[in-house]
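So, here's a batch of structures to check.
Both complexes below contain chain A, partnered by chain B and then by chain C.
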Partner chain A sequence: MSIELKMAWRNIWRNPRRTLLTISAIAFASMILVFMLSFQLGCYETMINTSVKISTGHLQIQAKGYLKDKKMRLVIKDPEQVAKFLDTVEGIDTYTFRANGFSLVSSDTRTYGVVVTGIDPLKEAHVSSIKSLVRKGSYLKEDDETAALIGELLSHNLKVDINDELTILGQGKDGSIAAAVLTIKGIFTSGIDEFDRNVIMMGLKGFQEIFSMGKSVHEAVITADSLGDVSMVKQEIQNNFLKIKGGEYLAVPDWMEIMPGLLQGIQMDLVSGIIMYIILVIVVAFSIFNTFLMAIFERTREFGVMMAIGTTPSRITKLVMFESICMTIVGILLGIIIGSLVTLYFQNKGIYIAGTEDILKQYGIPDRLYPRLSLISATAGPLVVFVITFVSSVFPALKIRKLKPVEAMNNI
Partner chain B sequence: MKKLILIVGILFFAVSSQAQMTAETIVKKAFDYWRGEASVSTITMTIHRPDWERSMTIKAWTRGESDSLFVITNPAKDRGNSTLKAGKGMWIYNPKVNRVIKLPPSMMSQSWQGSDFSNNDLAKSDSLIKDYVHTLEDTKIVQDKKVYSIKSIPKPDAPVIWGMIKLKIREDNILLSEVFFDEDLEAVKIMTAWDIRMAGGKLFPLKWKMEKSDAKDEYTRFVYEKIDFKKSLNKNIFTRTHLKNPDI
Partner chain C sequence: MVAILAWRNIWRNPRRTIVILLAVIIGVWSMIFLGALMRGMETEMVRNSISTLTGSIQIHHREYRNDPVVENCMDGIDKLNQALSTSLDPGILWAKRVRVNAIASNARHTGGVTLVGIEPEKEAKISFIGKAMISGRYLTTEDKNKIIVGRAFLKKFNTKINNKLILMSQDTQKEIASKAFRIVGVFSAESEAVEKQFIFIPLLQAAKMLKMGDSISEVSIMLSRLDITGKKETLAAKRLTAAIADDTYRVETWQQLLPMMKAYLEMSGFFLYIWYFVVFVAMGFGIVNTSLMAIFERMREFGLMKALGMRPFQIIKGVVTETFFLLVIGILAGNILGFLSVAAISKNGIDLSALAAGAQMWGIPRKLYPEIWAQDVAVAGLVVLALGLLVSLYPAFKAARFTPTQAMRKN
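And then the complex of A and B:
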């Protein structure tokens, strides 16, 4: 250890109160940043995963143009081929097929326009959370062809309950009229109002028959092993489309393309978060700048004596810089440790913010929020604090170079 | 001099209000001519898309300005599906599930049986005379007959779908074309009629086409196979009971 570093370490503990104050300011800022960033990223991940789990999946394979127009005629003609292909792709956790048709649904008293989705009851249960969202009645069985699951709000609007009959009336793939009577088997509540109000689910086979779909489907819904694998899997599928017959007519939109609103919401929130962090960091920077400056004014006499016995100004500057770096590092480490502990605590327990349920519901977030500690969220904020405190300590330190030994010694 | 200006001014107003009157009458007359007092017709509807085409035969009854009943007779798979419009309400019936369903307001902008006509086009057929102010823009002579170009702007607060409608009406009350504009006054849909012949006792265009203005190869064509204009039709035809059991 160089003599400067040793001196710096001793110097900062010569005035423990000042040092502790400075360190705790830095530690507090770092702690807040660690926690807030973890909280924000945790919310985003929850939002994405919940939304993805409810309906869209991480990725989908669809006919080109289906995402935009949702036209009944834009189908995956041969889902078996696609299934065979998907079995060979790495990084896919599971997948299922769906078909959608816009249709009128009516009970005895009311009529609404809804999306009827045909699902494969067995596979669907692994891809989406629909099975666990059925709050009343039961989930579909594999061979249920005229049974339906209906959103809670829709059942309320239609004034129906389980075992009641629903008439659906829409248009089949060939343009013919699709009509059927379905029996409500279960009522689901996803928390996303739009979904609970507009969706009816039924067995894929029954759907294909009613809507004259033959074997074709509209979407292959894919869940990747993790959110991070999505782009890799997407690339892999895109590169190998030509292996599927008719693959040139297919597209692989990911969740960001399927739900652009979600991504935009996240980006907007991130920007407002960053603005807040910048303000926080600036406040911290000024307080640290102030502390350093005061320290140097207080110690003018000491520096004068050191210069008088032959210490060069640059050596003193170096000494002061070491002092500030020591304090910053201690502060940041403390901040990261405390911040991480607080984050970990809430990561297990969750945070309940009273009165925000309705807003959160719209984004599909459950009413408890969980921060998520990661390497990025634990280090990004403190790193910025480190840079800022370093910069704000340079200016006071440079002041030392202008000191004249005699004048400085006369300073009180 | 002042007097002269006044006289010219009065004359000008007189003429312009005269023009508005005529535009209104032209539209009203054309509409009445098109609908007749009552009519029974058989229509072949063809929905054309770039990669696909589908035809169906429809039997239609109309009475006055606002009552209509359409029943699909062909293809066999869809036979008996029917749509009733009576007053402001609209109902559809499907024989397979044997249910009459009232169309909710949210469905009115959806297409009717997959065609380029929306439910609104059917339900609000009389809106053109009730909710719009018509002005005569231009008169041309085409094949020895006058053709009026009329611009129709919705009345303030009228519950309408279109921002503007442009009509071409021949002097013998035959509607030749109707262009629908959205609120930004961009053309959305164009309906044209041609093949004007004697049918059911009067001159009538037997072929109609509705196309979207931005997709040229997508249209719905109506061909009247048979049309009879009648003095009146039984009121019971336009009821929900009859919707289930039309005489086709």
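And then the complex of A and C:
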């Protein structure tokens, strides 16, 4: 340990009260930043996972152009081949196939225009959360061809219940008229109004028959092992597309492309969070700047004596900088530790904010919010605090260079 | 006497005073500025959703909001008209609408939409549509089979002005009514969802197509100025309800029509004040630290005063009064700085359109004009003043406890 470092460490404990207050300010700011950032990131992860679970999956394989136009004829012609290929890709948890068609859906008294989705009941249950969302009636069975699941709000709008019949009327893939009568087997509630108002699901086989799709489907919906694996899996699929026959007509959009609003919404919220953090850090920086400045005014005499016995001004500057760095490091370490403990506590217990359930539901967040501690959320904020406090200690330290030993020693 | 002494004391060492003031000013400024940003966003959000066909107040059939279909429409227009004109202040505008779900289709596409039948001239004055046309023309009352659609709708349906569009919906006889329209104009809106959802035709044509006769789905009323607390709207709605005196009609304010918005406003207000507290704590450490250092520098002075017979309580009073002056000056200067910075920004607003899709998801406007609320200024000022005085007690007690001999021996 160099002599400056040793002196710095001893110096800061010469006035323990001041040091403790400064450290507390730094620790407080770091703690708030660790907690808030973990909280935000935790909410985003929940939002992404819920949306991914309810409908889109992490990745999809679709015909090129389907994402934009949703045209009936843009299909995956040979899903079996795609399935065989997907079985060989690493990092994929599960996958399923779906087909979609816009139809007029009528009950006895009401008619609505809705997108009907054909799902593979067995595989779908592993990929999406739909099975667990069925609150009334039951989920589809493998061979159900004319049974349907319907969102709760849509069932209200159509004035239908379990076992009622729905007539659907749409256009098949070949342009023919697609018409059928479906029996409602289950009613689901996701809490996301948009989804509950606009979705009807039926067995994929039945769907393919009614809409003259043959064996083809519109989407292969893929869940990766984790959110972090998505880009890797996407790359892997893209690289090996040409192994599939007709692979050149396929595309692999990920959840960010399928739901651009979600990603940008998260970015937006992150930006407004960052503005708030910056303001907090500025306030903290000012209180620390003040403390450093006052400390230096107070110690003018001491510096004068040091200079008189031959210490160069740059060495004193170095000493003062070391002091502030020591305090900052102790402060942010404390902040990280306390912040992480607080975060971990709430990560287990969840945070409940009364009166916000209805809003959160729409973004797919359950009524308890769970922060999530990660390396980034634990270190990003404190790192910024470190840099800012360092910068704000430079100016007071530079004042030392202007001191003249005799004048300084005369200062009380 | 205490006040004069304190005032002179704080200017005895201007450098120290300015250092403490700076901390208070920056803290108060940050509170005012952040509050203004948030309030600006809130007001713009409410204004947007009100002008997106909500209005300040709406009247519907009792069942319509649960079940927005053509059967749940209101007749007895004469009575409604009379109630509206007698109970509302002159200058308040309203318009009648037919609003039902429908299916739009052309050769390439089919999709669900909300069909809105409007009185073109009146509607233009109360909702966004009046200023939203970007190409083609707006509707007139006489138009027979003309329709206007949103920009995003046009793109989704891959069509253009002058092309045909077929609308289908259920009429009052429970039959499917369908009619062909020609697109004459295109509108834009804050969000793509609105551009895709709503299509407009003249009220008379909608009523005819759906065999509704004279009846309508809703009346939308726009008060002359938005009151974000909703008090004015509630008052007007009460008067209207009394004037109509018929419980098949339901009068609701935007706060009732948009419960999510109301909950959001409450939540963000709560959150803002929590953040004020957090900022204060960050600032408070600095205030305590600097004033504590100042007290120690002046130890000799306090000892002398005590030796001259000043009581500890008087010293506490003196130090707290000094802090009081510092805080008041800091709060005032912080407010001035806050007002100036907000004024500088709100001339042009902050452009958020780079994050347009995200802004739509959260319902945030594309342009943000910060807005200062008296309530926030008061809360920020009070928080800083009250808590600032509270934390200044610590250095004050320290100062009061110096004994004359101990203090005067220093140096």
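Here is the rule we use: the second predicted complex is superposed on the first by the 412 of 412 C-alpha atoms of A that agree within 3 Å, B and C clash if a C-alpha of one lies under 4 Å from a C-alpha of the other, contacts with A are read in each partner's own complex, and residues count from 1 in each chain.
Here, a contact is a pair of C-beta atoms (placed from the backbone, for glycine too) under 8 Å apart; a residue touches a chain by one contact, two chains touch by 3 or more.
Quantities reported herein were computed from a predicted structural model and do not represent experimental measurements.
Partners chain B and chain C, once the complexes are superposed on chain A, run into each other and clash. When the two complexes are overlaid on their common chain A, residue A:56 makes contact with neither chain B nor chain C.
In the superposition on chain A, A:179 makes contact with chain B only, while chain C stays out of contact range. In the superposed pair of complexes, A:268 makes contact with chain C only, with no contact to chain B. Of the two partner chains placed by the overlay, chain B and chain C both lie in contact with A:111. Contact comparison for chain A: of chain B and chain C, C touches the greater number of residues. Shared-chain residue A:73: touches chain B; no touch with chain C. In the superposition on chain A, A:30 contacts neither chain B nor chain C.
Contact with chain C, but none with chain B, is seen for A:286 once the two complexes are overlaid on the shared chain. In the superposition on chain A, contact of A:171 is made with both chain B and chain C.
When both structures are laid over each other on chain A, chain B collides with chain C only at 163-171; the other stretches in 91-99, 163-171, 271-279 or 397-405 stay clear.
Common to the chain B and chain C interfaces on chain A are residues 102, 104, 110-113, 171. Of all the residues in chain C, the ones that touch chain A in their complex are 15-16, 19-20, 22-23, 26-27, 30, 33-34, 37, 66-67, 69, 101-103, 110-112, 158, 168-170, 174, 176, 259-260, 263-264, 266-267, 275, 278-279, 281-283, 285-290, 292-294, 297, 352, 355-362, 364, 411.
For chain B in complex with chain A, the touching residues are 47, 49, 51-52, 54, 72, 75, 77-78, 81, 92, 94, 96-97, 99, 101-104, 106-107, 110, 113-114.
Note for the complex: chain A touches chain B at residues 73, 102, 104, 106, 110-113, 167, 169, 171, 174-177, 179-181. Interface of chain A with chain C (complex): residues 17-18, 21-22, 24-25, 28-29, 32, 69, 102, 104, 109-114, 156-157, 159, 170-171, 198, 260-269, 271, 275-276, 279-280, 282-284, 286-288, 290-291, 293-295, 297-298, 353, 355-356, 358-359, 362, 412.
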